[in-house]
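Chain IDs A, B, C, D, E, F, G and H follow the sequence of writing; residue 1 opens each chain.
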Amino acid sequence: MIAIYVVAAIAVFAVIRATIERNTGRKLPYVNVMNFAVAGAVVLLLDHPLALAAAAAYFVGSTLEANAVASTYAGGERRG
Amino acid sequence: MIEYLLFATFVGLLFHGIHRKVIARVQGRPGPPIWQEILHTLKFSFKQTWIPKTASQALYVGIVFVAIAIWSGALVVLLTGGSILLLFGVYLLHKIVEHGMGLSTGSPYTKFGAIRSVISAASELPLLVTVVAIYFFTRSLSIADIAAYQAANGPLLIIAFPAAAAMYLVILSKMHYGPFSIIEAKEIVSGNLTEHFGVWRAGIEVAYALKTYVLLYAFVLIFIGALPFWLTLLAMLVVLVSLSFVCAVTPMLSPYDTVTIQSLATGALVVYIIVLGVVMG
Amino acid sequence: MTPEFILGCIILIIGVIAAGFPREKTYLSRLINLEIPAFGLLLIMLAYDEMLALMTFIAVTAISTFVLMRVIERKEAAR
Amino acid sequence: MLGEFLHILAAAAVSWILFVTVDILFKLPETGGVSGASAIARDIEAGGGALAGGTMMGNIVCSPDASAGTLLAACGVYVAGIPGGLAAAVLVYIGNRICHDPGYAGTTGAVLATFVIYGFTQIGFAATDFIAGMVIAILTIQGLSHTHASRLLARLWRVRE
Amino acid sequence: MDEILVLLFAAVALIGALGTYLQRDPFNKLIAIGITYGGVLPFIIDRGYLDVAIVVSLIIPISTIIILPLMRRDLRDT
Amino acid sequence: MTPHRSIITRISATISRVENLTGLYALLFVIVLVFGLITLPSISYHEDPLYPKTLDPASPLDPYDRGGVPFGTTPVKSQYPENSPYAGYVTAYLSPFSQWLADTTLHMGTTIVAHPGGIIDEILYNTRGFDTVVETSILFVAFAIASYLFRRDD
Amino acid sequence: MDAVTYSIGLAVAVIGLIIGFAAIVREKDDLHRVLLTDLAEVLGLVVIALIATDLAEALILPGLVVGISELMAVSEVYIAKEGLKAPEGPAFRLEVMDSAPGILALILVAYGIVLSGFTGGAVAAVGVVFYFMCRGHAEQFELIETASGYAWAIWIAAFFVFMFLPQYWFFGVMMAGGAILLKVMAKMSLVGTMRRGGPDV
Amino acid sequence: MFNLPNPQIGGPELFVLEFGDIVAYFSPYTTVLFAFALLFTIFVIVSRPERQVDIAFGGDAYYTKEVEPGLLRFQRFMAIACGLATLGAMVTGDVFNFTLFASLVGITNIGIVAAYRNRHVLNAAFQYGIVAMLATIPLFGGAAIVVASTGTLSMWELFTTAVTVPLIAKAFLVLGVMGEGMAPFYIAKAEITRAQGAPFILMVHVSSLLLFLRVMEIVISM
């Protein structure tokens, strides 16, 4: 099964890109790629219905994290 | 047992008087008569007695009885050949008596005495190290076993000299007018004794007399061995007089310096114990 | 010696150095750095299959982060 | 080995087309769903990219969109077939609600992708190909060159408009 | 999980941990914390503890969000 | 202060400041640790521990499967089994809900065992229950302090 | 786990402790000391985790709870000592703070109740703390404290069931698990309500 | 069945209390300590605090400080908890249980003094609190090393000559108790002592000294 190696390699690639990128706003898309890769790897590692839930939980959780970080980075919610 | 306690109290008070006398003579003063402390205690017993209005009453009274009780208990332990760990325990608990006396009255002077008593808590540590060092040699902490060991191998004073020095330091730090007696320094009136008068003071004098007796007796018993009764008293007297000389010629240290010196002594003894542990396996 | 254990030890040491001697000595950077040794401990617990302890640990870490955040927030506001 | 690799590349192309289409149909490049997405868009524009493309990329980062739907649907199909894909759609829906996303791009994408992937599994593809393919597809958008990716997306967005 | 995968995911976790240490900007540090967890998760999954993985995946972002009030712009700029 | 202070006075000055207390304690601990590091090779792991772990990845109770029959005995290696006559009963107990989980899924062992009943509960509540009493008391006291301080100014 | 792993782990833990405590020796700021204390707690847990038996976990769970509760008390003392006040001005808001807490807190609390015991209490408490942090709260200290007081009493009763009436062990397990869940969760969720004074936030 | 293996240190056991794996015992030594702790707990329960006299400088004025009732109640509660914890620590027959009692003593000690509004006292309480928290690491770490290297936590087994406890574990235990009770580092405690409420403040000292005495017995016996 070659898929999981592809996914893991992409994760490492994305992480390296994310780490060398200095701008926070441009960093987040790279981290997003890693999230995709790790969520995929979770299911590829363990073929079980719960693994889907784990992948979704991880993905949603890290997306939420990225969302919150980016929003704080932007200065929080606009208020009128 | 009761008569022995009375005897010990009497001898302890007498020792206090001798202590004052020796110090005075070394310093070139005439000094009080040696039975002065006995008279003192009797005098206090018949003076008017009450409890200060600001005091925490139960504690104020209770602490006197605790003081007498623990040192009587210690004497019993010594006589029945119990564990010297218990003796060490009583010695530490005496600290509580000092704190309690100072804290319970509400007076600022006694409070200072209590605070100094808290600061000088390092004075207990050498005794602890003594206990551990003795255990290294005798493999037992019961006084009967220690006496048996000394009967077989000679006095511990020679075998474990640093431990004896530590215990000597401990007794010294509890003597009146000594370099470590910051608790009763005159700049804070009488320290934590200030507000205990009348019968309460007499009770405390009794407890302190017992304490002196017990500590000296324990020193002789642990480091020289079980001697005949009169010889024991004589040895105690010798130790006392040597202590009085030290007290007479040394100035009182500043509070934190006492801590430093006692801690350094403890540190040196810990090193000694580690070396012992390595050497003796 | 499982890979989790080795990785956990390495991350733990990195984290201890990071939290003990952070590059920028602010409360915030130290608080963030504190998460690294937590991951190290997580991996060590995982290596020993101590899952209940792991779960409790992560939950408690979140709460202690909150406690610390609350103090730091007040401290920063006072400055 | 090589065949599987080609399968993955084909799956990547399919998923790429699928999620970009759905996202653009749901107007992701129009506005940032949350302030964070707009911030990412600004930074990408400052780095030489296009604002519309950057906004879409920001939205992808900040909330599970059609790309996430495709990935999770692929995972769902891999572990449990069609029901798994639909379960993934439900999870994406919950994720959308958690992440303060007003739209339904993710859920729609997940449902669509479930059937597409299931269809491809019938003609010799494996669901794992789609998982890896989707990761490659997102890599091309988010992970290779923000400048070019955002310009490309902006061009596609102009077509939609 | 064979050696290659172990190495790859361990690399992710290590890059994350080192990145957290070395970076100075708090946002970048927080992002690196997320990366570290991305490297750790596969190890939990590989041992089959899916329930733990789910819970931890939900709590880690929460603890990140808990830190965020310290990084608000209006507070930091003044 | 005189310019020439003896070493003892300087140490006294250091230990008399409350702010130095933490540092002093930490320093003492570091010294002990450095000595400890030397003696570490002599510490060996005791190979026959209490409450040993057995792992069976195929079991739905995975990290905590210790065998045994529900409502029956399970061999638990505790220190004084005779003091806990029902040791082992809790280990194999599954509530109806956790039984259902165990029958349907494979990877939820932690959840199943955390639901009351299981080896950890056996230790926490039965054989070493006294620890847990003390422990909850600590929690109680600590939060009493915190909430007292927090609410005092209201 | 084998003996070699234990030796290596212990060495790593001791080296970590040396580094961490060296940092404490050098640290002069009080709040930094609190943070480093948290670090030291982690290292202490490593030493316990290395035991690698079920007993290790039974020791870690109390250790964790002791750590967090002491941290709570000490930080509160710090606030009182420095006379710190809650920050003025508008509260910190994010979009996700409207949407996420409800769902996540629901999931975590429900799961925590299923777990029960220390773990469940801690997990549920994270949910509650997160919810209170994002949504504000109405102060109900007395209620929560009363609940946890009763929980403590229930747990003591459960302990005595185990010790003196072991034949009712089943009853004891249920009581103890439930009571600890309630207690830990209630106590920890107090943390969340403490962030801002006043019910109007 | 239970025979204390080393009666030469604290005396033979008098009474044994079994809680599962944790077997508490009373030897002459621990009984004395227990009785002492009990005595002071009773003092805490029955006695009212003293009223401190403050002297205003530059005049003859002096006044007694009033005791805040809420503070008094809280302190009394903490002091009683501290007394109970000390009682437990004196008789427990299990190393980990002992360390838990020690940390309970530490936290109640913080509680007794943390209630004051005096800044100096609070500062001392805070420093003390930090040390008490740090001290949980050697305490629990010591217990952990004991169980890992000997396979048991029960003092009944550890006191036998067959079991050798690593030196570092003993050092950890002593160091931990020193931190929890502040036994020799009394700097913070001296500040604490200035606070009002003699019976309660006294409990701080009683508990720490008794803990120290007990840990010495444990360490020497092991």
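Heads up, the rule we're going with is that a residue touches a chain if its C-beta (ideal position, glycine included) is under 8 Å from a C-beta of that chain, and two chains touch if they have at least 3 such contacts.
Given the structure is predicted, the values throughout are model-derived calculations rather than measurements.
Trainee: Using the contact definition given at the top, which chains are in touch with both chain C and chain F?
Mentor: E, G
Trainee: Which chains, if any, touch chain A and chain G both?
Mentor: Output, common partners of chain A and chain G: D, E, F.
Trainee: Average the CA atoms of each chain to get its centre, and name the chain whose centre is farthest from that of chain E.
Mentor: B
Trainee: More contacting C-beta pairs: G-H or E-G?
Mentor: G-H
Trainee: Farthest chain from chain F, comparing Cα centres?
Mentor: Measuring from the centre of chain F, the most distant chain centre belongs to D.
Trainee: Centre to centre, by mean C-alpha position, how many angstrom separate chain D and chain H?
Mentor: Here chain D and chain H have centroids separated by 61 Å.
Trainee: Please work out the Cα centroid separation of chain D and chain G, and write it as a whole number of Å.
Mentor: About 39 Å, centre to centre.
Trainee: Between chain A and chain C, what is the separation of their C-alpha centroids in Å?
Mentor: 21
Trainee: Which integer distance in Å separates the CA centroid of chain C from that of chain H?
Mentor: 30
Trainee: Residues of chain G touching 2+ other chains?
Mentor: As it turns out, chain G has residues touching two or more other chains at 1-2, 6, 10, 13, 15, 17, 21-22, 24, 33-34, 43, 50-52, 55-57, 61-62, 65-67, 69-73, 75-80, 87, 92, 94-97, 100, 104, 111, 115, 118-119, 123, 126, 133, 162-163, 194.
Trainee: I need the residues of chain E touching at least two other chains; which ones are they?
Mentor: Residues 30, 37, 48-52, 55, 58-60, 62, 65-66, 68-69, 71-72, 74-75.
Trainee: Residue numbers in chain H touching 2 or more other chains?
Mentor: Residues 19-20, 96, 100, 103, 107, 110-111, 114, 123, 130, 134, 145, 147-148, 153, 167, 187.
Trainee: Looking at the whole structure, which two-chain pairs count as touching?
Mentor: Contacting pairs: A-D, A-E, A-F, A-G, B-F, B-H, C-E, C-F, C-G, D-G, E-F, E-G, F-G, F-H, G-H.
Trainee: Considering only the defined contacts, which chain A positions touch chain G in the complex?
Mentor: 64, 67-68, 71-72, 76-77, 79
Trainee: Which bits of chain F are touching chain E when the two form their complex?
Mentor: Of all residues in chain F, those touching chain E are 57, 62-63, 106-111.
Trainee: Mind pulling up the chain E residues that touch chain G in the complex?
Mentor: 55, 58-59, 62, 65-66, 68-69, 72, 74-75
Trainee: Please output the residues of chain D touching chain G within their complex, sorted ascending.
Mentor: 34-36, 94, 97-100
Trainee: Any idea which chain G residues touch chain A in the complex?
Mentor: Per the touch definition, chain G meets chain A at residues 90, 92-97, 100.
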